[in-house]
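Letters A, B, C, D and E mark the chains in the order given here, with residues in each chain numbered from 1 onward.
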Amino acid sequence: MTEPLLKVEGLKKYFPVRSGLLGKHTGNVKAVDDISFFVNEGETLGIVGESGCGKSTTGRMLMRLLEPTEGKVTFNGKELTNISKDEMRKARREIQMVFQDPYASLNPRHTIEKILMEPLIVHNIGDPKSRKKKVHDFLEIVGLSSYHAKRYPHQFSGGQRQRIGIARALMTNPKLIIADEPVSALDVSIQAQVLNLMQDLQKELKLTYIFIAHDLGVVRHISDRVGVMYLGRMVELATSESMYAEPLHPYTKALLSAVPVPDPEFKREQIILEGDIPSPSNPPTGCTFHTRCPFKMDICAKDVPQLQEAKTGHFVACHLYNEQLQH
Amino acid sequence: MVPNSTNNQVMATKETSTGPWRDAWRSFRKNKGALAGAGIVLFFVFLACVGPWLAPQGINEQLLTDRLKPPSGQYWFGTDDFGRDIFSRIIHGARISLMVGFFSVIGSVVVGSILGIIAGYYGKWIDMIISRIFDIMLAFPSILLAIAVVSVLGPSLQNALIAIAIINIPNFGRLIRSKVLSIKEEEYITSAKAIGMRDIRILFSHILPNSMAPVIVAGTLAIASAIIEAAALGFLGLGAQAPAPEWGKMLADARMYLRNAPWTMIFPGLAIMLTVVGFNLMGDGLRDALDPKMKN
Amino acid sequence: MLHYIGKRLLQLIPVLLGMTFVVFMIIRAIPGNPAQVILGQLASKEAIEALEIKLGLNEPWYTQYFDYLVGLLKGDLGESMRTVQPVAEEIWPYLAATMELAFFAIIIAVIIGVNAGIISAWFQNSWFDYMAMVLALIGVSMPIFWLGLMEQWIFGIELQWLPTTGREEVRDPINSITSLYIVDTIIQGRFDQLGTVLKHLVLPGIALATIPMAIIARMTRSSMLEVMRADYVRTARAKGQKMFFVVYKHALKNAIIPVLTVIGLQTGLLLGGAILTETIFGWPGIGRYIYEAISFRDYPVIQSGILVVAFIFVMINLFVDILYGLVDPRIKYD
Amino acid sequence: ACSSDDSSDGDTKKDNDEGTTETAEEKVLIFGRGGDSVSLDPAAVTDGESFKVTQNVLETLLNFGPQDTTINEGLATKWEPSEDGLTYTFTLREGVKFHDGTDFNAEAVVKNFERWASGSEDLFPYYGSMFGGYAGDEGHVIESVTAEGDYTVIFKLTRAQAPFLKNIAMSPFAIASPTAFEAAGDKFGDSPVGTGPFKFVEWKRNDSITIEKNEEYWNAEEPKLDRVVFRAIPDNSARLNALLTGEIDLADGVNPSDGETVEGEAALQLFERPSMNVGYLGLTSTRPPFDNQKVRQAVNYAIDKQAIVDAFFEGRAEVAKNPMPPSISGYNEDIPGYEYDPEKAKQLLAEAGFADGFEMELWAMPVPRPYMPDGAKVAEAIQKNLADVGITANIVSYEWATYLEKAKNGEADAFLLGWTGDNGDADNFIYVLLDEDNIGSNNYSYYSNDETHKLLIEAQTEVDEEKRNELYKQAQEIISEDAPWVPLAHSTPLLAGDAEITNFFPHPTGSDRLNKVDFK
Amino acid sequence: MGERQTILEVKDLQTSFFTDDGVIPSVDHIDFHVREGEILGIVGESGCGKSVTSLSIMGLVPSPPGKITSGQILFEGKDLTKFSEKEMRKVRGNDVAMIFQEPMTSLNPLFTIGNQLLEAITLHKKDWNKKKAHARAVEMLKLVGLPRAEELMNDYPHQLSGGMRQRVMIAMALVCDPKLLIADEPTTALDVTIQAQILKLMRELNERLNTAVILITHDLGVVAETCERVVVMYAGKVVEEGTVDTIFNNPQHPYTKGLIASVPDMRYKKQRLYSIPGSVPKPGSINQGCRFAARCEFVFGRCTEENPPLYETTEGHKTRCFLYDEKEVLADDRAAVKS
């Protein structure tokens, strides 16, 4: 097996909670708590999970837009977590990001041309003339026209802006694109356009995606492999076929069964979870899901289950699949 | 196949080549109050520029035989106790009031911005110190601070201007600090970081331009209050010195003639009010045009 | 909550300390020698030097500053160089006079300003809205001294409705106990005098109230406009609630927080910034007290006077912050 | 020692109660003025606003005339100088009591003088400056003050002092109750106890001071008023407004421009305070080009004093030609003064080498004073006059205390200033303002001339009135020629009052005795 | 299932906004009806006028700039558009209740849950005493499945999670036994697992209380799982109406078809999603012809010239498309091509 393009080991992000007179450090929001995964070149890894489970935090840590509390990120053989800030800045040429909010992620005071040119200037790619040409080329590639270059973001619809966001991410010919909920803010009909565009680009430009979303349908559609997160932890990681056909983790099962399917004839047994997602600042002990889990055992409150391979290529972090327990 | 579908898309806006500023102007243009305000301001700016050529008299052409003459064909706004033409003096005075307004605000904007940006962008202990300094300045009764500053420097128009600039520093500083803090969290800043942009470039290319709108609004409104503050200092004898036709000083000087020669007070008072109303209207209009939060 | 107040008070210390330092340095930068001012035009050089030594002005500034701080720690605000009275004793009547005026003004400003703002927002773009906002605009555009003089002229001299100067009818003086005349007349049961006290408050009160009133009205309006678009206002209406209660119960409580900030700031500003009003209306307040102290280079009075005003200013703002918590349960103090 | 305080407190309360019940018949005069008193211990202060009050609460051994500075009976009924002018014997009025009930007698007078003499300049500033210092000082004039029996006091002087009696009549040297000041110490200035026609009642700082009729006043006829309230209303216009609305009965410091208004109001009357002041433009004779006599003279010619008097004193002033007003004995009528003559001025400037003029600072007073109701405006008028002869004057102003200090340091080229006499003596004008001894003090123009110095020192000890006047006239001639100032005006400060007020005679010193004042 | 009474009938409703850019008819001559006890779904993409429709029914269209410019809203036969504000107040919360999209912002943050619930009760049950009202409030909180109902009464909204708040909103809406409940995207802001909880609750309550519900959503899945009948809106118009089964199994309008086809399905992986080209037109920008014409694959001449009416193709199934006009010879063929 070849070396994966991106390898993440034991990544953690704790946000300190400060209180008291001098801002004493009184606790942590464990936004991301010890997750590991890898992404192979050319594939799409989907990350799903409910709001606040740490998807964006993970995405940002990969590019060190947030400094990880702990853990190692290796990209293309280079360990990103121990290079200097300036080197990291340069390394961002290879990893780019597409953001959720197509309205907030474009500077309202810059023209599209300026927005798209910026990555080239920052990384000192080409001369003004070739940069301009590249901007126009990429506008065409994402389905806009070069006459759009002189316009401002507010003159575009949400879908068009997301195309601009994607074009910007592509300007430096990156290998890896981290897309943080790129279609969540879009209408269904537009969402399909953007998803198609992303798939086309992947093929054409041999891109690798980390695709973060909360919509399981979207993730299934675009991903080769899917990771499910719950409260800062990766609870299940598998190929999308395997995951959707045969989810192992009780949370994944509940999640899949909760998704409304646009087919009135489709009938299934829904697993409705009790209660709400606990707060990451005060997560349950042991398996963080045990408070809502229909298959809870004694050990679940005590030990943190590790992500392990239950079937080939299908990893799950649940005591139900713990070999020690099975004998 | 996918890309070509966009060409027949209906564009969101009909006009081509518009920018945020042009948009703001469009919305400003629709606001009658703002236009009136801008009109008044422009009028006074015009007076300030060409006043000396327009005014029938200079600022200190005394004719003691024509003291306190009521408004007439010869003296439109009457004469003051030196027999000087009040109309001419008000025209000349426009320059002083606008100058005080503009320069004091520019002073406080520059100093306030620098401090505010440093505090907002670098945070931590620098922010602590600068914010405390702002707190101290704000806790100072501002008019007393102005009086103290003028007392130190000596009363003159320039020093009044400096005093007013000083008392406004913390207002701008805090405004910009909070603006920087909120813009810092905007997603386009993260996206600029994500493309590998340097902090300093982010500061100048993204944060600063986007914090300008509220500063322009606040600045316009601050010009209005600076003009009033200058008048107050003039009233206390701490502003412009004779024979400069500063409106506040004209008011103060005329106060004893309120009964005998009310025009000596009415016209400078109206001039102040009109200018200040103009800037306030314009500032409100700019706020509506530039500050998206206020947009409906 | 107590913890929070304690914390805030602790945070005040550097601010007030910085404040004392700034005041201390500024007033010493003003040319003019207190000893000279006290002794008057006739004074000889020797006398001035002798007095300087007596007042400690010959010491290096840091010694003077340190002594002043030590005094402050002991609760000693120093002694007026001019009247040779302890500032702590002398200052209260002035402060009381200004507080009475400022609070009266702010109450007028709040009652009229808040309601005008609410009604303007409620009936946005109505003639009332336009009128109120034009008036508010004129309110912030008028030099206060000019307004004061005009008021005196119209309501005092021409119409003879209201007294133009001072705090009381001097022919029937108030027996001052607390120096707050409203309180004094009430505890003495002299309601006739209370009437005259209130009458004396009207003109300076209005002059002083104009700007805060205008600011509060505009602030309330814009804050209300924002809140009126909020979902919970729609919810309240969807329940079938009367518009009046929707506005005054649901919307107002939410809109009031930024207005509270403004009210707090303005009250604070009025305390130290009423100099012109106090001068024009012959009001024996703290602004004039400090202003005159500046012209007499009465260092201890300036230092302590400004410190007291600043202290009240920050206390009012602290109080406003605590009020937030009462209004808004989401705000937690710890 | 506390008893006096207690009793006066008790009195106050009782009277207050009476006061409130009998408001209808009470005669109350409300006197509006520009500022509050600093302290009500007259010996401790120098400001006129303090004396305005103390003048009615405490009395001096000798009084000035009702509207002049002649010497009259006060607490002393007789005073006899010795031939050599070194001993003065005062016979005191009998049966006079202080407000605290203690007796006024020779002992009390001695104690007062002992108190002052043992003080220092910051405690009793006027004592030192009028009597040459304090006990033990070399220049101290008063060698001893002794009581002979209950009603005779003998002053022994170390050298003759011509204005001695005038000094004794000054407000600061009013006799206070020794019991009271011994008990009160520093606080005496808060509640003064004297023998005057009025007793101190209450002081609301920066607002009002109330004094009330002294029922035990030695002159049973006086005072006519039951109560007087001094109210501080800083703004001149506001004060006049208060008079118009009836909130006050008498207003000090009326703008000259309002004089006509007051005269036009039937319900009001205008009072003129006899002039005992001088307003001038000082030319600092150490600063070029004003070190040149010709330049100083030129400036004198250049300024149209009459026009200034007409415009900014509304004619209620006399154009000045000497450093002191004509009412002071020793005034030199014969001085021609400088006519308004711009041509002459230009010529002199040319002679001095300034044919093209020069640039200078012209300092304008930031505060109104009786001798200069509006310095800034006078400065503007002067600026115009100077411009006409080619001198560019830039008006500058400083905050008042700074202004005085800087002027005193000789930092001004030319500055507006003035002086109101304390005791109506020529010495109190010419020596104080223009003698080289007072450079760094009141001689702001840094004028020094050995000849005048000799004349002025001689005049200080000359007891013969005639000879003394002659000395002053000579000095005035020299000064006029040297032109260290441009004397501008002797103004007549205005007061306005209710038309019902009778027997109010404004005093030239600015401290008015109100014992005869009554309402019609 | 017997024939149920129609309780709400919206006829030819037009609601316009009078803005600086001109008059924008956000809801443009729409018709639909709701029967007793049924759940009617309204789907459509952002900005198509779903919320404005519901606000029009409640009489809560922000005015100015909005105004109902024509049509009728018949609630139990009475035209709500003719009601005075006072009469309307009696209807709101009492006969017709509404819950909104954002549970986070739809509760007043400064009042306790109890206070807000009691307000809803006492407004319409004037004769109830405090105790009775309180008891009712607690009962409703229990009904919507909230634990610790008594304590919750004294809690503030921020102390509750999003799901709990939405339950409170539902309790508040149902507190006066309304005949019609309008739920404007009640689950859009919630997570999937919580959404499932809320939808289940709504179905249960609908069955138990027999309250008619208009469920507004943009999520076709939600509609499929919850509603009996569906109204599809596009750019201020109703483009298709029918039972859930017919709409999903036999969509007729090209927009509905496209919409259904463009949703990625979780059950299987489509190679490529169908995507409707272009984007939703700005309201008011198309005044002539079918609003979908610019994005429609089947567009032909008439589409851009005439405004298509609603054709009732089968009983209860209506489509606003010329393809279903009997006059259009080609229509059937074309329709066949796709489905």
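We take it that contacts are C-beta pairs under 8 Å (C-beta built on N, C-alpha and C of every residue); 3 or more make two chains touch, one makes a residue touch a chain.
Everything quoted here is computed from the prediction, not taken from an experiment.
Identification of common neighbours of subunit B and subunit E yields A, C. Note: the chain lying farthest from subunit A is D, by mean C-alpha position.
Distance between chain centres (mean CA atoms), subunit B to subunit D: 47 Å.
If you average the CA atoms of subunit A and of subunit E, the two centres end up 32 Å from each other. Mean C-alpha positions place subunit A and subunit C at a centre distance of 55 Å. In terms of their C-alpha centroids, the spacing between subunit C and subunit E amounts to 54 Å.
Shown for subunit A are the residues in touch with two or more other chains, namely 157, 160, 193, 196.
Residues of subunit E found to touch two or more other chains are 275, 277, 279. Residue positions 2, 5-6, 9, 12, 151, 255, 258-259 of subunit B each touch two or more of the other chains. Contacts from subunit D toward subunit B in the complex involve residues 235-237, 255, 257-258, 260-261, 307, 310-312, 364, 366-367, 376-377, 379-381, 383-384, 395-399, 402. Listing the residues of subunit B that touch subunit A in their complex gives 2-7, 9, 11-13, 16-20, 23, 186-188, 190-198, 201, 205-206, 209-210.
Residues of subunit C that touch subunit D in their complex: 30-33, 35-47, 50-51, 54, 82-85, 90, 93-94, 97, 149, 152-153, 156-157, 160, 163-167, 170-173, 175-176, 279-282, 284-285, 288-289, 292, 294-297.
Residues 124-125, 229-232, 234-243, 250, 253-254, 327-330 of subunit C are the ones that touch subunit E when the two sit in their complex.
Residues 60, 63, 65, 89-93, 96-97, 99-101, 104-109, 111, 118-119, 122-123, 140-145, 150-152, 154-157, 160, 163, 165, 168, 171-172, 193, 196-197, 200 of subunit A are the ones touching subunit B in the complex.
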